[in-house]
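Quick notes on the structure that follows.
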Amino acid sequence: MLHTVNKTPYERNSFDSCLAHARKGDAVLLIEDGVYAAMKGTAPAKKLEQAAKAVAIYVLQPDVEARGIAGRIMDGVKLVDYAGFVDLAAEHPTVQAWL
Amino acid sequence: MSEEMEGGTVKKFLYVNRKAPYGTIYALESLEVVLIGAAFEQDVSLAFIDDGVYELMKGQNTKGIDMKNFSPTYRALEGYDVEKLYVEKESLDARGLAEADLIVPVKVISAREMTDLMAESEVVLSF
Amino acid sequence: MKFAILVNEGPYTHQAVDTAYQFTKAALEKGHEIFRVFFYHDGVNNGTRLMVPPQDDRNIQKRWSELGEKHKLDLVVCIAAAQRRGLLDENEAKRQGKDGNNIAPGFRISGLGQLIEAGIQADRLVTFGD
Amino acid sequence: MKFAILVNEGPYTHQAVDTAYQFTKAALEKGHEIFRVFFYHDGVNNGTRLMVPPQDDRNIQKRWSELGEKHKLDLVVCIAAAQRRGLLDENEAKRQGKDGNNIAPGFRISGLGQLIEAGIQADRLVTFGD
Amino acid sequence: MLHTVNKTPYERNSFDSCLAHARKGDAVLLIEDGVYAAMKGTAPAKKLEQAAKAVAIYVLQPDVEARGIAGRIMDGVKLVDYAGFVDLAAEHPTVQAWL
Amino acid sequence: MSEEMEGGTVKKFLYVNRKAPYGTIYALESLEVVLIGAAFEQDVSLAFIDDGVYELMKGQNTKGIDMKNFSPTYRALEGYDVEKLYVEKESLDARGLAEADLIVPVKVISAREMTDLMAESEVVLSF
């Protein structure tokens, strides 16, 4: 399954709830305001590091650039563009948006 | 997928409810999808996690806010053959709620079981 | 692959709408089929032709209409959600005794069944919301 | 006492609108003055006369219009926010070359200065949003 | 100052942020989905109990009733109706909505 | 309040920014109020707390999302005599940010000082 999260982990609980429901082999894609969670050296990044042992973590590059945090994304997270988002949605049998 | 197969396709639909009722319209409009969707004879499950568990609270009385109390509709779902309602135990616990607080019979499951339910679904609708 | 897109929020207020558009466009560019774009909740407001964004900003309605025309997209606005929020086509306006309508070219108003059908027919349903 | 009310969200989607209405009504009933109700962000969509809610539901636009008429309320829709989202009056529609308008009786479209003025003139500004 | 909070403390950070910025003599009014925070025996209620030493806590009764939690509101929290909300707004020199 | 007084009233306005840019329009439309409000010659302060601190990040490039980059406008505020920008230290710290990451000179203050700033304000605008 591909999970998407579009809110910051500080403002909402969707990031935490998503990680609590992602299974081995799933992918999590951070989009829109969700991308801040992947910033190096933060508490959410530590949670992502933990999750990355079982789950693949992606962030949407256009959203990263818009927010001025390019170059500050933690290691082990892959950047994708909108075409890459489409590929991820195609590769996984279902897509769940954590709204 | 062939035309023939499409006609008889039965997919596992999961409606994920994560929001409290009334503060926003998502819970109500999600329920409207469930009711319409019931006519399509799919394999339907409803999941209530996080603040979504509040939707099922007994004793809702919306007179004072002048909005429609739609909680009795959850009781009517059985008549639409929508019978699989799953509520996450961790979400209830965190909010000081128990199964007895809910307006309909549900299956209370763990977050791990909820994760499996999500993984087994083919169409996930979350609003 | 056949995608269905669900848009739950209104134009400009939430980026969800922009991401949905960029995803749809990228999917089409990759040769995928878009079975339907379904507009629900405040998403119905994407389909008003009355919007006049600032000149240096994107026009979200036009963008959908143009992409729809180019790729023969089925852009469906939920009737129940639309009525509540004041998005009407000519027929609906007549039926409801309203003196005007505001739907944009390329959008059509229909029932929630169209969303369920999209979920059944498409290989993937991708949701964009708040 | 003089109150000003700021409504930041659209009808039905967010209870903010309902709470704002109930607060305004209660303030009037207690004999307070409502200097102005200002509709900003998606709040502008409260002012469309095209909404057709289900018959067993409240009509949010009518409710504002009626309260406005009864108490001579100044119901102001922000012009910049309204243009983006497709809420126009006759003048605006003409000026923008649009073939229709959707504003409801009792609402008027004006600039953000009206919000600042409300903040200055009223004893209290009370905000309702998401 | 009168503070209003309209979201649950589980979904958003507005409740916590509000309590972190309320001063002695201020009032906090929980409205809409914010009222769940005052439910007896929960973690947010414990925070409210702590805050109540310096700040007056109110909940909007129509919202409490709508959500089926009448009778489960913690001690020390006062119930008000819309008229009471108006009174609170009038009594305090400013109103801040935690959106 | 007499008509005479009203003419010359100067109130302490505080704009509270708690939301990240682009994901929603609130930050942008809040800035539009600030710009219009500048003409009214009030005593204006801007507060950035919680996710609002992200609004001021250097190096924003919105080309890829096809939205307008409005962050340079914060630099233009000085020309409108809007010069009091307060950023909460605790909010920066929690997000791994420092003053050097911000696009404009600001005053970084503690949550306690932010509380006092709020308490001293006469009109609080939060979107």
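Each chain carries a letter (A, B, C, D, E and F) given by its place in the written order, and its residues are counted from 1.
As a convention for this text, a contact is a pair of C-beta atoms (placed from the backbone, for glycine too) under 8 Å apart; a residue touches a chain by one contact, two chains touch by 3 or more.
Here the structure is a predicted model, which means the values were calculated and not measured.
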Between chain C and chain D, the fewest steps along chains that touch one another: 1
Farthest chain relative to chain A (centres taken as mean CA coordinates): D
Pair of chains joined by the greatest number of C-beta pairs in contact: C-D
Between chain A and chain E, centroid-to-centroid distance (C-alpha), Å: 33
Distance between chain centroids, defined by C-alpha means - chain A, chain B (Å): 26
Where chain F touches two or more other chains at once, by residue number: 22-26, 50, 65, 67, 123-124, 126-127
Touching two or more other chains - residue numbers and ranges from chain D: 8, 12-13, 15, 22, 41, 57, 80, 125, 127, 129-130
Numbers and ranges of chain E residues touching at least 2 other chains: 6, 10-11, 13, 32-33, 62, 81, 94-95, 97, 99
Each pair of chains that touches, named by its two labels: A-B, A-C, A-E, A-F, B-C, B-D, B-E, C-D, C-F, D-E, D-F, E-F
Chain A contact footprint on chain C (complex, rising order): 1, 3, 8, 15-16, 19, 22-23, 25-27, 29-30, 32, 123-130
Chain C residues within the chain D interface of the complex: 10-13, 41-42, 45, 48-54, 57, 61, 80, 83-88, 92-93, 96, 98, 100-102
Complex contact set, residues of chain B against chain C: 6, 9, 11, 13, 25-26, 29, 32-33, 36-37, 39-40, 42, 123-127
Chain A residues within the chain B interface of the complex: 1, 13-14, 17, 20-23, 26, 93-99
Chain C - residues contacting chain F, complex: 12-15, 18, 22, 56-58, 130
